[in-house]
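After this come two complexes, each holding chain A, first together with chain B and then together with chain C.
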Partner chain A sequence: MKKALALLLAMIMVIGMLAGCGTTGGGEAEGTTSDTFTMAYNGVVTLNSVMTQASNDHNVLYLLQAQLVRYYDGQVEKDAAESYEMSEDATVWTFHLRDGLVWSNGEALTAADYAYGVKCLLDPGMGSPQASSWTMIKNAEKFMNGEVAWEEVGVKVIDEKTIEFTLEQPLTSFDQTVACKHIYPLNQAFVESVGVNNLGSSIDTIMYSGGYTMTEWVLESSITLQKNPSYWDAENQFQVETIKLLEVEDPNTEVAMFENGEVDAIEEMASQYYDHLADYRYDNAGGGFMFLWMNTHGYSEGADKVMGNVNFRKALSYAIDRDATCLAVDSATKAANNPIDPNFPGINGGKFVDEYPIETYPTNGDVAKAQEYLTKAMEELGYADVSEIPALTIVTWDTAIQKTLGEALTDQWKQNLGVDVQLEQYVIGTAIGKFYEQTYDIFLITWETDVKPTDLLQAMTSTGEANPGIWANAEFDQLVADAIAEVDPAKQAELTQKAAQVMIDDAGIIPLHLNGTVHAKKEYVDGFVIGVSDGFQFSKLVVNK
Partner chain B sequence: MKKYILKRFFISLITIWLIATCCFFLLRTLPGNPFATQQLLSPEMQERMMEYYGLNGPLSEQYLTFMKNLLHGDFGSSLKYTGQSVNGIIASTFPVSAQLGLQAYLISFPIGILFGIIAARNRGRTIDYSLVAFSVLGVSVPVFVLASLLQYIFAIKLQILPVALWSSMKHTILPTITLAIGSIASKTRLMRTLMLEVITEDYVKTAKAKGLPAWKIVWNHQIRNAIIPMIPSLGMEIVSILMGSFVVEQIYSVPGIGAYFVNSVRSLDYTMTLGLTVFLAIFVVTANFIIDLIYGLVDPRIRVTK
Partner chain C sequence: MSAITSKDFTPLPKERDMTDVIVRPSVSYWKDVFRRIRSDKVAVVSFTFILLISLMAIFAPIVCQYGYDTTSMGQGNLSPSSEHWFGTDSLGRDLWARVWVGARISLLIGLCGAIVPQIVGIVLGGVAGYFGGWLDMLIMRIIDIGACIPSLIYVTLIMLYFGSGPAAIVLAIAMSFWMDSARVVRGRMLQFKNREFVLAAKTQGASSFRVIFRHILPNILGQQVVSVSSAIPSAIFLEAYLSFIGLGVASPMTSWGQLCQLGASFYRLYPYQLFIPGAFISVTILAFYLFGNCLRDALDPHLRD
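And then the complex of A and B:
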């Protein structure tokens, strides 16, 4: 037995030696040139632009199709449209296409292709899951329900190069909607020849109009894209000849490939590697917020009084050091003190939150102020000591990260204010059920920011879909309604700003942090842009290897 | 013999039908629907999608359609991967898994048997102990640890093999070895035990007394007798190895069939799960059928007693 043990030890030592004698220089894989960009990505389910319901698919479609307008680095950029304008009452939007647009097979790309693209999304016979995103178009909903013919819908081809959208309601940000929700062109004859269900299921069942064409696709494995020389701006955009997208499911393998130079970038790396690849981080925060939902009616015994008190709610908010919490819990997130996503463009070329700032709590908290608010609240409610405040509950779903976040919050409330809040976690289905039943004092969950600042605010109003009735503020409701109805951009922005200010001041639904993802890219990759919600925005990508 | 084959064949068919039926109804008892998992869709939209895919009619009707298609060898189309038929996905992923499995099998079968024989022939010596130690390690070290270790040594430190992916022969080496090691280990153990059983048999003693050379005794008398009990397990192993190893395929990013199994259940892709399960069932049942036949050929006693 001793001998066996000795042999075993020897074997382990040999393996150890093999592992130890690593090469000293060069980590570059062979065969890659600066013409190729390789990225480990999350995979696609389908490249059928009609049937897709995943943002991963839109990431790749960004590279394959010329959209009317698209997002680039947070701004709406003209793509196939050379110009566009809205009517004075903001109900009619007209897009003018560029000259000489072609599909990769040489056929002309016309306004009819874009109109057909929209028709496919709405056609009840095609069953697109995206149909409900386009109900702002006139008669779209009726067409979806089979009540009117397509001719009645507010999508008109004026001539080969002009397409006009008529909307149900005035909408000054329809260009953002188009960029965010995506309108891809579809060639009717082609779609009918392959069948709408087979569209985008292989490299032969797609027509390409964008910066790249697809030359190889193995589902759940890899995609190879080649530069499309017939793209309207092939000379200046999408300069990288070949893009390889590899689906690597195992996070460890992914990082090993990155370090070995087999991939140049990783889409959404696993959180355990944030520190390991700190030098290569590409952070993307936005697209949604984590909120504290204050049930102003309270749920725990005797909680209705405290939860209904605005100073008490403010005390809870001010007592949190959001910067430190984000850093400790999930460094991909970013502390937030404004319910408007900082990625939203303003109306003067900057960001909305910079152009229309609000007065709010500091992201690193203010304990003195928090205690001040608490004292005020206790005076108003007639409590002599903190211990008289009833114990409260905070509810969230049952992941490890939510646990850490919940505990970080309850600890700070205990330490800074002496207020007891109990963390309760449930499986996601049950947790959502509780959210709508309002069986909690505070709820912790995220909400997406959608297309424009007012989308999220609208969801938070007393009748909004994100507010099950836990908080109501008539002034806020009115401001949001006015902002949505307003046609003048400057007035609309002001109203939005005021609404955000009221929301923060009344501390009903309180922003905690912006959600975030972390990608990794090598230092020799320039122009690497991935959108907050979706889109591999690689039009200016350069690989200096 | 004819009667034996017919009986086996009939049982095989019933088995496949039972599996398909149970699977069909069990899957539908899972909570949720395939369109509620990915992104939030309004209940109205979900209803519309269910209708589009013919999933909201009576279950019995859907079952009949499924069975009719199944008889024509059509597993239907995936609910998750729009435009992809389950047959198409099997056709593109199964060969990959099968190649990986076969390579691992071709390595592990001779080496495992050889190791087992060597260990048994040298019972109690160092070489026996080290082979036993190897097989214990090989069986007990989880595949993902082994895979990461091999990746670390050969891809990151030595840089002689790629970390992952599946595009050239070179890419297949590490996954093949990873998959083979566990299989070698278990075969070594089994073969060693079986060999030790026959080594003390009377006919071996007789052969020795006759003065036969050692290799002839091993070849003609020991191995041939020892290997019979291995046959059924080999059949099952071929099946499991061909259907791919989810873990190995995931770690090395091999575009095999394994990932679809797990992911389709997770995303409630009914047709995909059902198609893959029935495909696997047909495979297992056929393999068993053939093994039964071979078994009957190799050992006449089995045929007679049945």
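And then the complex of A and C:
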């Protein structure tokens, strides 16, 4: 009897567990008003626009503040600025504000508020982590170091509705920088009354100028936003009355809530649910690349010769079927064969990579060509057999997905070329230390693409911040420098294209795939736009429930 | 009155002389242990299972037609079939091959990781308890200090120094786990060292070595065997955990723990990737536990029937 009871109890427990695994029913909750949009959100760190450095915070600030210009669907869109122009030498940018801009409390929103916003970012006394993004502004760096007064900095309020930026060097894409790096207006009197450290710490310590005002903020739980009727284009933009951002910790709960209709969208879906919610997927690939960083000096014993050989490096690159690898390892990522983010706009209205294509390896690999390059490399180096090639190491950080990716790569090199590469994983801090110490033959880590095509290329030059000295190409360095200095957009694009071509041909730092995130949204949500590096673009969001 | 004659006596039956003769053959302690184990059905079944798993771990990867690390991109996430008995993982690697290669690592680490610290603990704890004095003081203070440091710190330092591999993991586990068993053994040693049978052995001139290992240890061993059998699962799990913070066995080598970790993230879509290695871990751990339990009964001289 006792045994039977124990068995029964055990069975009940098993059944209970199985029930717990089941999918939650997909019945949508009825009766919710269609003017509310609810989203499962990862949560904000701070809404202090001066101190934030998280994209999550910027997403909320986007809803709360009117910026000079902002991104919409990959293009720069005018927000508070009615128009803007750059001087012929591309060093002076002037933004003209619209008529009748007001803060939500009725005060006038003027050019001085935007100038003060920039001043706060640069003020050494405030220590904004975003300060380094604005060093292209004239004397900004000196102001940050306390060498010059604010009046010397190239931010000038011409009149109530005009603000002028003077830059250190010609920059034809300053509007993109402003849109991507965000300039939020700040009211000096208000900031000084609440104190810069308290700014954005509660709903009362923010002044609102954007599409929404914040009506409730429960820390680490939820944020409720109400439409701001005094926004300059309240009639046509931000039509959803209420936006609720719910902070949900557990990815399983998030998906269950989505299936129950408690949330209309998920900001970031956990990878295990990609296929489960395939119909609701909103993919976002870009903003950064996973690169193979080939240490041309080698690290393993005897690796300097092979790693220094361009044909050998090319063989490694051609041997990878990037499409299949992305699909198998992380379907949010997208195979890449060009160091320029495909999201960057070109100069003729299309995408940069389409207007200025380069000759490169196929994303699904080419084993025959890889073997050809390997044979060539072995001839040049005097190896008779693949087994004479020294064992190499590939180093990366220690997440499960990096492990799978590393295993996929090493096995393809082994199967397709017979080259042995050992995967080594370290905790992220140690791994980054190794990256700069150059104690690896190949490194596997991502790098952000930033605002414009040349940003990433500049970081890859022999003196760039992304290149610890593993690869150097004088031609590439020169082309990148020329491209940055060039004022004419067409010539600049051509130089950029050439630089990218050299980078691919020399196979020093090789793109593997574009990073990606997967969001989920219900079919009744329209105008749901999230940019890769520029976040929420909800100005045309509609919930047709 | 008649004299007592020899007729008055009848000889006792011969058998009376045999009363002090040991009829049953004399059995040594270990023979007895073995006999009792053999007669226990649960012990036999669980031991057979462990043996089977071990043999499969040794031979299955050798005869399998797929390599455990051979990826096949188009063949990812296939369900179990006649082609791939346990299906494939996301990179198209055959899970049958991976489960058995993983078994090698998991069993090796499980067994060694449980036994090595136990041996160290028994020797040091036994010596400390038996001899007492400054030696006891020294060893126990080392344990007191050592136990204050989180074991993850040892593990991380050792793994960073020796690199990742099964030997380093076992060493790391031994460094942090020997202290518990040393404490227990010392306590038991204190309890037994003044008992009569120990005194008897000492009186007859037995050396300390003999007293510890022949007379006291069998009394303690039973308990320690059980703690070994329950330490095996924790060693297997610790390996899985280490694998995940990047300190486990180096890629592309795998273990049951790693297979489970990887399968866990996809269990709603591909449950077999979690449940197959999961079932192996569970049943193997159960087998070790049951066998350890029977072994405890068999090893304890007091429970002799």
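One rule holds for everything that comes next: the second predicted complex is superposed on the first by the 519 of 545 C-alpha atoms of A that agree within 3 Å, B and C clash if a C-alpha of one lies under 4 Å from a C-alpha of the other, contacts with A are read in each partner's own complex, and residues count from 1 in each chain.
The rule we apply is simple: contacts are C-beta pairs under 8 Å (C-beta built on N, C-alpha and C of every residue); 3 or more make two chains touch, one makes a residue touch a chain.
These figures come from a predicted structure and were not determined experimentally.
*Asks:* With both complexes superposed on chain A, which partner does A:46 reach: first (chain B), second (chain C), both or neither?
*Replies:* So A:46 only meets chain B here.
*Asks:* Determine, under the contact definition given at the top, whether A:237 touches first (chain B), second (chain C), both, or neither.
*Replies:* A:237: touches no partner chain.
*Asks:* Name the contact category of A:246: first (chain B only), second (chain C only), both, or neither.
*Replies:* Touch status of A:246: first partner only.
*Asks:* Could you tell me if A:438 is touching chain B, chain C, both of them or neither one (first, second, both, neither)?
*Replies:* In the superposition, A:438 contacts neither chain B nor chain C.
*Asks:* After lining up the shared chain so the two structures overlap, which partner does A:324 touch, if you call chain B first and chain C second: first, second, both or neither?
*Replies:* The answer is second: A:324 touches chain C but not chain B.
*Asks:* Does the superposition put A:406 against chain B (first), chain C (second), both, or neither?
*Replies:* In the superposed model, A:406 contacts chain C only, not chain B.
*Asks:* Given the touch rule stated above, what does A:371 touch, chain B (first), chain C (second), both, or neither?
*Replies:* Once the two structures are laid over each other on A, A:371 reaches no partner at all.
*Asks:* With the two complexes superposed on chain A, say which partner A:201 touches: chain B (first), chain C (second), both, or neither.
*Replies:* So A:201 only meets chain B here.
*Asks:* Counting residues of chain A in contact, which comes out ahead: chain B or chain C?
*Replies:* If we count touched residues of chain A for both partners, the winner is B.
*Asks:* May I ask you to decide whether A:87 touches chain B, chain C, both, or neither, giving the answer as first, second, both or neither?
*Replies:* Neither: A:87 stays clear of chain B and chain C.
*Asks:* If I apply the document's touch criterion, which positions on chain A are contacted by chain B in one structure and by chain C in the other?
*Replies:* Touching chain B and chain C on chain A: residues 21, 23.
*Asks:* Give every residue of chain A touching chain B within the complex, in rising order.
*Replies:* Residues in contact with chain B: 1, 3-4, 7-8, 11, 15, 18-23, 27, 29, 45-46, 48, 51-55, 124, 127, 129, 131-132, 197-202, 205, 218-222, 246-250, 252-253, 256-257, 259-260, 262.
*Asks:* Flag every residue of chain C that touches chain A in the complex, lowest number first.
*Replies:* Residue positions touching the partner: 69-71, 73-74, 76, 90-92, 244-246, 250-252, 261-262, 265-269, 271.
*Asks:* Using the touch rule from the top, collect the residues of chain A that touch chain C in their complex.
*Replies:* 21, 23, 270-273, 275-276, 321, 324-325, 327-329, 397-398, 400, 403-404, 406-408, 410-412, 415, 422-427
*Asks:* Mind listing the chain B positions that touch chain A in their complex?
*Replies:* Against chain A, the touching part of chain B is residues 35, 38-39, 41-42, 44-45, 48-49, 51-53, 77, 80-84, 89, 92, 126, 129-130, 132-134, 137, 148-149, 151-153, 155-159, 162-166, 250-253, 255, 259-260, 263.
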